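Structures incoming, each one as structure tokens.
One chain, chain A, appears in both complexes that follow, with chain B as partner in the first and chain C in the second.
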Partner chain A sequence: MIGGFLTTLKLSAVCLFFSVIIGVVGAWLQGSSFKWTRRFVNGYIQLFRNTPPLVQLYFFYFAIGTLLPTVENDWGGESPLLGNFAWAAISLSFFAGAFNVEIFRSGIEAVPKSTVEAAEALGFTKLQIYKDITLPLAFRVALPALNNNLVNLVKTTTLAYAIAVPDLLYESNQIWSDNVNVTEMMIFLLIAYFVLVGVLVAGMNRWERSLKIPGYG
Partner chain B sequence: MNKKTDMPVMLSKPIEAPYTPSALSYWHILPIIAAMMIIPSLAFSAAGDEQLSPLAVLKNWIPLLLEGFVFNLVISVCAMAVGTAAGTALGLGQISPNSLMRSGSWFVTQFFRNAPWLVLLFFAMFLLPFEFSIAGLTIPMPDWFKAIIGLSLPVMANVSEIVRGAIRSLPSGQWEAAESLAYTRRQTLWLVILPQCVKRMLPPWMNLYAILTMATVLASIVGVSEVMTLTGRALSAEGGRPDLLAPFYGFVLLLFFAYCYPIARYTLRLEKKFAVIN
Partner chain C sequence: MKLRTLKTIAAAFVAVGIGMGTASADALDTIKERGKLIVGVKADYIPYGFLDTSGAIIGIEPDLAKDVADKLGVDVEYVPVVSSNRMQFLEQGKIDLMIATMTDKPDRRKVVNIVDPNYYSSGTNVLALKKLGLKSWDDLNGKPVCGIQGAFYNKATSQKYGAKIVAFKGTAEAYAALKGGNCAAFVYDDSAIVAKTKDDAWSEYEMPLPTIDDAPWGLAVQLGEDAFATLMSEMIVDWHKTGRILELETKYGVANTPFAQAMHEEYK
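Presenting the complex of A and B:
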């Protein structure tokens, strides 16, 4: 049970991290001056936003996963290069990342143009402007929406159950198959997720407050 | 209108076209998915000549998969209907003058909003009886019916928030004006407030519907035979050929994309249309 909780925690943390990175990088690429870069990022966003995460997960795990070469594991058998945990992390990161790109983009659009122009006048390069000027400001605007999406992501990690990642839901399922205490486990499960999401929201809200610039936003 | 100047700052900048999130047309994505379906299976093309090609196999199964997909849509429509009805009631409960009712509705909303969909689905699957009897009449509860209930719980909570948000977003003058015209509370709600809310609620409601449609595949995990389950069965019926995996799952992706993307586009259009310009 605790193992399952830790797996959920780990999966959530990994996905949170990578999805935010995908969001930041994607939003930067979307502001690029190449038409095809923008189109590619757009395609990625629309594709991942409009298809079910579970199907994405299956597609990654079964379709792409079987294509990769296998490696010899500790017991001398063959095992896939990336395990189910890795695929769950990859697929969920891409899924949440697609939303994050849009969120960061809206944050970047909220940064006044004059701020960027002022930075340009001071001789900042494009990357510097994004990294030091636009992103910190955009981040503050985007935080509430990001918060929402990350909560969603934590809830979506339950899907990893489908490819047998031993997360909270999976472990609970095992326990209630053994002990036939479905009702108790269910209620415990709901409370566990409730607490998990609650902690995340409280943390994000605190972060939001501490990042607040007086007089901005 | 390029003026002669030494200062680059004074040069007129080309006006950038405003960013449109929907710059990508529907037809751009389809080839991408098609490529996703075909390219991985090419890697297996050395599998042997006596077998049908993956796409030919897929073609045989398409009618069945489409049937499963329609079942998904039925589930989504039913869950949306149930969820919207219950959610509207709950949303109105959240703004009720009775504080007990208010906090109760608030708690229920938050609870179901913060629980993962899949967990709620499990909840409905395992805790609802498989049949129940009213006055000697036994009504069976098939799996798909339980799935509808399980999916409508989070929808209910989300609709509740949408309703509350829409009502809160109306200027309080509307309430006061209705009060000064001696409308009762019920009349105010039904005749003044809710009709104005419908317009505001429509875009988020449609968004929610798209999310719900994508969530219907979750029902496959708990054993409802919708498109994902059928895909799995079709794959095993074909003997678990690895080169079939990508086309089949790609096809399911394509189905959902073809259904959800137009909804997303239309929602965006509605949002723009209804946007309040300050």
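Presenting the complex of A and C:
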């Protein structure tokens, strides 16, 4: 049970981290002057935003997973390079990352063009403008939408139970099957996720407040 | 609330008592007079009792019931039953004989006359790669083992033998994960596993361990029908002796189960 809770925490943390990274990098590449980079990012967004996360999980685990080279494991068999936890982390990060790219884009587009032009006039490079000027301002605008998506991501980690990642829901399912205490486990699960997501939301709200610039946004 | 439940149960027992009192005529005489043997079988459990495309009940158990009717020289009529009503149908005399995938349990023997020996059985085993060379359940210690979410043997396999259960929603996913090398073995019903090992696509896999949690199935007649029970007991011994059950398994496309093979060896 505690193991299940820790797995959920770990999976959530990993996916939150990588999905935000994907969002930041993706939004930057979207503004690239190379046509094919922009096309690639848009293709990625379309693919991952327009397919259900459960289908993606199954696809990664059962379709891609079996195509990868296998490695000798400690019980004398051949197992795939990546296990179910790794695939859940990859798949959910890409899923949430696709949304994050669009969320960051909305923030970037809200940054006044004149600000960017001023930075260009001062001799900033493209990367510097993005890193030091556009992104910090965009972040403040995008944060409420980002909160929403990250809350959704934590809740979506429950889907990993379809590929047998022993998260909170998976462990609870085995417990209620063995002990026939379905009602109690349902109540526990609801409260556990409520508290978990509550902690995340409280943290994000604090962050949002601390980033506030008087007179902006 | 509790008192009322107790009263209901008591009333049910009284009703059962009255029911048994009235069924005093010998069942064998009744069947012969009627010219028809009425058997309760499953209609939703492939291959043991299911409906064909025309809606007729067929399967291993209906075929066994037909054997009994042939022996008595009467026609056979199948009554579809489900697990929750099969014993009640027999008690109330709606059916003469029940062959309905019922696990033989001591508390059930108090309600109906379960005939010895058991005619069938199923238990838990694993499907694993031959090259792993598994010998005992303890060999699973520390290895990932695929399973089905919610199955009762997951707990036993992980707590008693130290396997790490990787449980999926359905059998198809578990088989795919086993094939993909995500687990060392798949823990499931032995009858299904035997069928898989005969499949060409699974030729590298085997069922290497002794079956555990083996639960024998019993067919039943009404309590007090000793003459009928003796006849049925002879029928079952005869089925095992002649390999009739093995033959029916083959007919309905299931591989021979270890229990049926062992019984055939014993009575041969």
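Remarks
Note that the second predicted complex is superposed on the first by the 217 of 217 C-alpha atoms of A that agree within 3 Å, B and C clash if a C-alpha of one lies under 4 Å from a C-alpha of the other, contacts with A are read in each partner's own complex, and residues count from 1 in each chain.
Rule of thumb we're sticking to: contacts are C-beta pairs under 8 Å (C-beta built on N, C-alpha and C of every residue); 3 or more make two chains touch, one makes a residue touch a chain.
Bear in mind the structure is a predicted one, so any value in this text is a computation, not a measurement.
Within the superposed three-chain model, A:C15 lies out of touch with both chain B and chain C [touch as defined at top]. Once the two complexes are laid over each other on the shared chain, residue contacts for A:Q174 go to chain C alone; chain B is not touched. By the touch criterion defined above, A:V24 lies against neither chain B nor chain C after alignment on the C-alpha atoms of chain A. By the touch criterion defined above, A:A164 reaches chain C but does not reach chain B. In the superposition on chain A, A:A142 makes contact with neither chain B nor chain C.
Of the two partner chains placed by superposition, A:V101 touches none, neither chain B nor chain C.
Looking at the superposition, the partner that touches the larger set of chain A residues, chain B or chain C, turns out to be B. Using the contact criterion defined above for the overlaid structures, shared-chain residue A:I133 touches neither chain B nor chain C, since it reaches no partner.
Applying the stated contact rule after C-alpha superposition, one finds that A:N84 touches chain C and leaves chain B untouched. Contacts of A:L92 after superposition: neither chain B nor chain C is touched.
Judged by the document's definition of touching, chain A residues 62, 66, 162, 173 lie at the interface with chain B and also at the interface with chain C.
Of all the residues in chain A, the ones that touch chain C in their complex are 62, 65-66, 70, 75-80, 83-84, 162-164, 170, 173-174, 177-178. Partner chain A is touched in their complex by these residues of chain B: 9, 19, 21, 23-24, 28-29, 32-33, 36, 40, 43, 111, 114-119, 122-123, 126-127, 210, 213-218, 220-221, 228, 242, 245-246, 249-250, 252-253, 256-257, 260-261, 264.
Partner chain A is touched in their complex by these residues of chain C: 129, 131-133, 142-143, 146, 149-152, 154-155, 165-169, 173, 176-177, 179-182, 184. Residues of chain A that touch chain B in their complex: 38-39, 42-43, 46-47, 49-56, 58-59, 62-64, 66-67, 102, 105, 109, 121, 151, 154-159, 161-162, 169, 173, 176, 182-183, 186, 189-190, 193-194, 197-198.
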